[in-house]
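Some structures to go through are shown next.
The two complexes that follow have chain A in common; it is paired with chain B in the first and with chain C in the second.
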Partner chain A sequence: MFPRPIQHYPRASQIGYQVMVPIVLLLWLIPLLAVMWFSIKPGEDFTQGNYWNWPENGFSGVQNYWMVFAESDMPRYLWNSVVITVPTMIGAVALSCMTGFALGVYRFKGNLLIFFMFVAGNFVPFQILMVPVRDLTDQMGLYDTRLGLILFHIAFQTGFCTLFMRNFIRALPRELIEAARVEGVSEYRIFWYVVLPLMRPAIAALCVLIFTFVWNDFFWAVVLTQSPESQPVTAGITSFNAQFRAMYHLMSAGSIVAAIPPVAMFFLMQKHFIAGLTLGAVK
Partner chain B sequence: MRSIFKTSAAALAAATMLSGAAYADGHGVSGPLRIFSDMSNPAPRAVMEGMVARFTEANPGVEVELVITDREAWKTQIRNVLQSGTADIVNWYAGNRMGPYVEAGLFMEVSELWETGGLTETLASTLGAMTMDDGIWGVPYTYYQWGVYYREDIFAELGLEAPATWEQELANCEVIVASGRACYTIGTQFLWTAGGWFDYLNMRTNGYDFHMSLTAGEVEWTDPRVRATFDNWATLVNMGGFIADHQSYSWQEALPFMVNGEAAAYLMGNFAVAPLREAGLTDDQLGFYQFPQIDPAIEPGEDAPTDTFHIAANAENVEAAEAFLLFVASAENQTLINNGDNLGQLPVNAGSAVDDDEFLNAGFEMLSNNAGGGIAQFFDRDAPAEMAQVAMQGFQQFMVDPSTLDQVLEILEGARQRIY
Partner chain C sequence: MTRVTTETPQRRRKMSQQAIAPWLFLLPASLFFATYVLYPIIQSFYISLFEWNGLYSLQYRGVEGTGFTDLQCLELGNRAGREDGCELTGDTLWNADYVGMENYRTLYTDPFFWTSLKNNVKWLLLYLLAIPAGLFIALFLNQKIAGMRLYKSLFFFPFVLSQVVVGLVFSWFFLPGADDGLLNVLLGKFGIGPFNILGHNSTATYGIIAAGLWPQTAYCMILYLTGLNAVDPEQIEAARLDGAKGPKMLWYVVLPQLWPATFIAIVVTVIGALRSFDLITIMTNGGPGFYNTSVLAFYMYDVALSEFGFRMGYGSAIAVILFLIMMVYIAGFLWKMWRDEKV
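What follows is the complex of A and B.
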């Protein structure tokens, strides 16, 4: 079962624990701290080999972030990310509410089979899909468009969302639905007025999860888009690189900016995020 | 660095500025022209879009349809595009990289265009690199020089001169090593930097033509002439000429050694100058020399990776495509697209002007007048990709431990027999 609370351990273990936690935490955070540190250093420090020391000519955090916001395509990439992520989130969650309802409430032949097909999609390593999906979007004229990315993400995320929603709806008290039926409420109204309100926590949790998944997606962004008109921020960060040179300071600043929305989302919706990870885990 | 972000503005300004200048060759061509480009990085992309804008301005009858593909992805897509007949003009590279498309008859021969357009004189430096099977197959739009960038102040402190011969080179290196420095910095983590060293040593030891046969798979890697190249290389390695642990650095991470004075020079492309200047080295501290001569009987060959435009063999609007190629090759256009605000590289057209920059001038002079052997495209462009990968791994291993030469050459020869 759960580990025993630390208070119940002998004093020595408690001290060891208290010493180790900050150390492990620091180790864990080193890559992130490095990115933050690099993002406020001037570019020449990297050519001088001055990676960790104080910069000789002062910090250039303001210039770096100004460059990212005002003099690069970054705002455009951020906007692309929003345009891709929000419709995907809405689309995948809306679809999975309906599929989840259908698979969770009705008994029909092939129910389990259809459900397994949704789930099976999650077991396909997505790298395998790279070439066919790229060809498909190309043939549909959607290659290098935001719509292409949105449609693919909705299709791919709906599998996981359906699993999530179906299990959640299964766990709802069936009596509520039966009672509504006895009252003669139509099935559409049952979905809309009875089940959907009860699904609110699941919807919130899923929205947060999908938002972070899609915002942080790098793989498909690189495979399906390539111009500043359509690339989301994760792929766009590399445009700080010239053909031969990596601009570590600008990429770091860009990464921090790109990470702000999902991090903000996490802190604002922390409750739902954790609920999302554990919902359905205990039945 | 600023140039990346300034580029679009600069290209726009340039487009307006030059719009008045008529290009002599745009004699009333018209119709749709489909260009597939791989200039996908921000600065090259702006250059490409600017060129199309200026070309349509001068030839209002032509409707250009421009498709820009990711530079890496293009390497696998070009064959499809050429075969399916969807393009009139494509971007590619000079030298052996043209081979597969020339042999398959997918590029249109443009020898006549070179003749009538006077390109044989203006683009003479890359004539060899654009020629294959006695035909010329495209026009170059940019290249950049390779060579040795060195710390003039350290050389002065030790009383050294930039070397012109291998003996001077070794003598210099001995002094530099004795002063507690490495002669050369290098970062071989991503292998290609070692390819540059091999290119130069082999071209100086055995000549440009031998180097080309070797990268084309026509010579055995166990050939004594190849060994001679490696022997020269081993001399430098064994005397402590290169920095230690170079296999753990990228080319950028090897720069600090030169900036901090732990190494005196760097064999690199001209793109190394910008970061070195940013790091605080002035033009008084930084110098450039051509890779020294090893065998006096051999004309110097130079690495200058060249990017090109080609007409597809099944192009529909050949007239407009030829006009575009002439436009690209013109001195004015090459001056503009290669200046510091745009590509920041060298124009191929000998009539072009170069930004007033010590290193660009030195490179332009060297490639236009002092590369009699020929222009190579760099190891990983001259050799097939698979061979280049194996070979450059071998170079790295050799640089770490020269005593493994026999084993390295065996592996390379095995790879040659399998790949070609």
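What follows is the complex of A and C.
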């Protein structure tokens, strides 16, 4: 283990380390703690310029959060985000299970070329797609709809998911598939009954990752949507902030609300999330 | 004998099924991907040779017997609507003018393009600091003490936030008044400041990059923590017996084993740096002044969907340049993958 385990050091250093870790953590999260502080302060504090002192009439607590839900379009934006994110997650993972299977199991001419297309496509800058995709979405009558965003996200995320799935399937024991073939099982049934059940951890990891990526997307949200009827929360929060200009207590409560779903997803599915993100970090 | 003859056709069917199956499995995703990713890349290259306001115009044709020909109506453009001799065909026309390389020539003399490109270089170089910073935190946290799992996830936590939230969080952290932003409040305790980081040309870009480094460092940290977990303990012990320790051990024994993690960290950091758009839009919207914190990704968006009229052709030209820069890294990545596949 590197660095040398702290247990090998004298008692004093061990205590020192145990005290230091939480302190460093607090420093690391300071910008976030500041926002949490803002979000529970009463509004009058900000008009009086009392940003950091204790509020005179007590904290407003959940009241700010209640305002966010009751007085703005925030619930609608959140719902739009859910409606966009969940189908994308299902669509991209389903498509990439198939591509991953095709590229990971079969040897055929052009296999690597197709695989590299998916990988390269996943890395291109969004701007090179922006004008044509916006135009295509408009032509299909899907500009400013949630479906327009969903279709694009499914297509784009399939690139990353294919990279992930193909490498995962590659690592599965080939003998399983060979054995099934000898038994005369059809290719479709091999996919459904042999490979798919083994892919469960990969599917779980991808679901969490895609959920977070798509929920946090801002660029495509502003390119493909513009009204509260279809905008997800990342884009909606800018109009939310315009509505509550300089009302820091509401703006910060709104940001925290917008961040909760992916954060909750991360803490609930931490193992899968990190396994997905660090794919390839270990030989 | 009879067994062989009954088996052969079945076997052949099996083989052809194996030949067709991958293509069927690839079909749906390939259609999606080609429509939304591959073809648009080609289209962008094409559009960059035109001047286009993003609109289509209605197409007119000449009405027989009025003396108007189809061509005349076409040349009248939208004014054809006022002529009785022209009628709608029901189709639309792409409202673009071919200008050849003109957009690229304009780019060459566009000062905002060069500011954006220069800022891209700053982003690329400074963003890479996330890698040593992430390694540093990972080394700090790679211990087994009570609650370490929770500490690690809390350190990683900024990466899960959307860049929009990170941008908002940092713009409030940087608020200029001496009693407003927490940064200035803290610096004030040491008698320094206050600074208006996002309000000055010389510091704004660095302020945004600092905000971007926060989640990026967290990502690199988690990559290295995973990597450190897999470092071969026997090699470490052997090196320790040989008297290696501290920085020497890190450099000669640990880092080489962490190379896969470092490689991925470089890839995601470079791509993250070139994709920076959200933070700039949220924190400064390109300001202060004209495009002082702009990068190519931001400038492209702002030009193509400008409030003063869409310039899709010019925007596409910027996108092409950004794409070509990115392509250098993508090619490098693919080359390494290809080499690994061969082994």
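What to note about this one:
Methods note: the second predicted complex is superposed on the first by the 252 of 283 C-alpha atoms of A that agree within 3 Å, B and C clash if a C-alpha of one lies under 4 Å from a C-alpha of the other, contacts with A are read in each partner's own complex, and residues count from 1 in each chain.
In this text, a contact is a pair of C-beta atoms (placed from the backbone, for glycine too) under 8 Å apart; a residue touches a chain by one contact, two chains touch by 3 or more.
These numbers come from a predicted model, not from an experiment.
In the superposition on chain A, contact is made by A:L25 with chain C only, not with chain B.
Once the two complexes are overlaid on the shared chain, A:P173 sits clear of chain B and of chain C alike. Ranked by how many residues of chain A each touches, chain B and chain C are led by C. Once chain A of one complex is fitted onto chain A of the other, the partner contacts of A:M117 are limited to chain C, with no touch recorded for chain B. In the superposition on chain A, A:P10 makes contact with neither chain B nor chain C.
In the overlay built on the shared chain, the residue A:I274 is in contact with chain C alone; chain B does not reach it. When the shared chain is aligned, no partner comes close enough to touch A:P197: not chain B, not chain C. In the superposition on chain A, A:G49 contacts both chain B and chain C. In the superposition on chain A, contact of A:G58 is made with neither chain B nor chain C.
Chain A residues 49, 241 lie at the interface with chain B in one structure and with chain C in the other. Taken in their complex, chain A has these residues touching chain C: 1-7, 14, 17-18, 21-22, 24-25, 28-32, 34-35, 38, 49, 51-52, 95-96, 98-99, 101-103, 105-106, 108, 111-112, 114, 116-121, 123-133, 135-136, 151-152, 154-156, 158-159, 162, 181, 184, 186-188, 191, 212, 215-219, 222-223, 234, 237-238, 241, 248, 251-252, 255, 258-259, 262-263, 265-267, 270, 274, 277-278, 280-283. In the complex of the two chains, the chain B residues touching chain A come out as 1, 4-5, 40-44, 68-70, 73, 250, 252-253, 255-257, 259-260, 269, 271, 274-276, 278-280.
For chain A in complex with chain B, the touching residues are 43-44, 46-50, 67, 71-73, 226-228, 239-247.
Looking at the complex, you find that chain C touches chain A at residues 10, 14, 17-19, 21-23, 25-26, 28-30, 32-33, 35-41, 43-44, 47, 54, 139-146, 148, 151, 153-158, 160-165, 168-170, 172-173, 175, 177, 179-180, 182, 185, 214, 219, 222-223, 226-231, 233, 236, 245, 249-250, 253-254, 260-261, 264, 271, 274-275, 277-278, 281-282, 296-297, 300-301, 304-305, 312, 315-316, 318-320, 322-323, 326, 329-330, 333-334, 337-338, 341.
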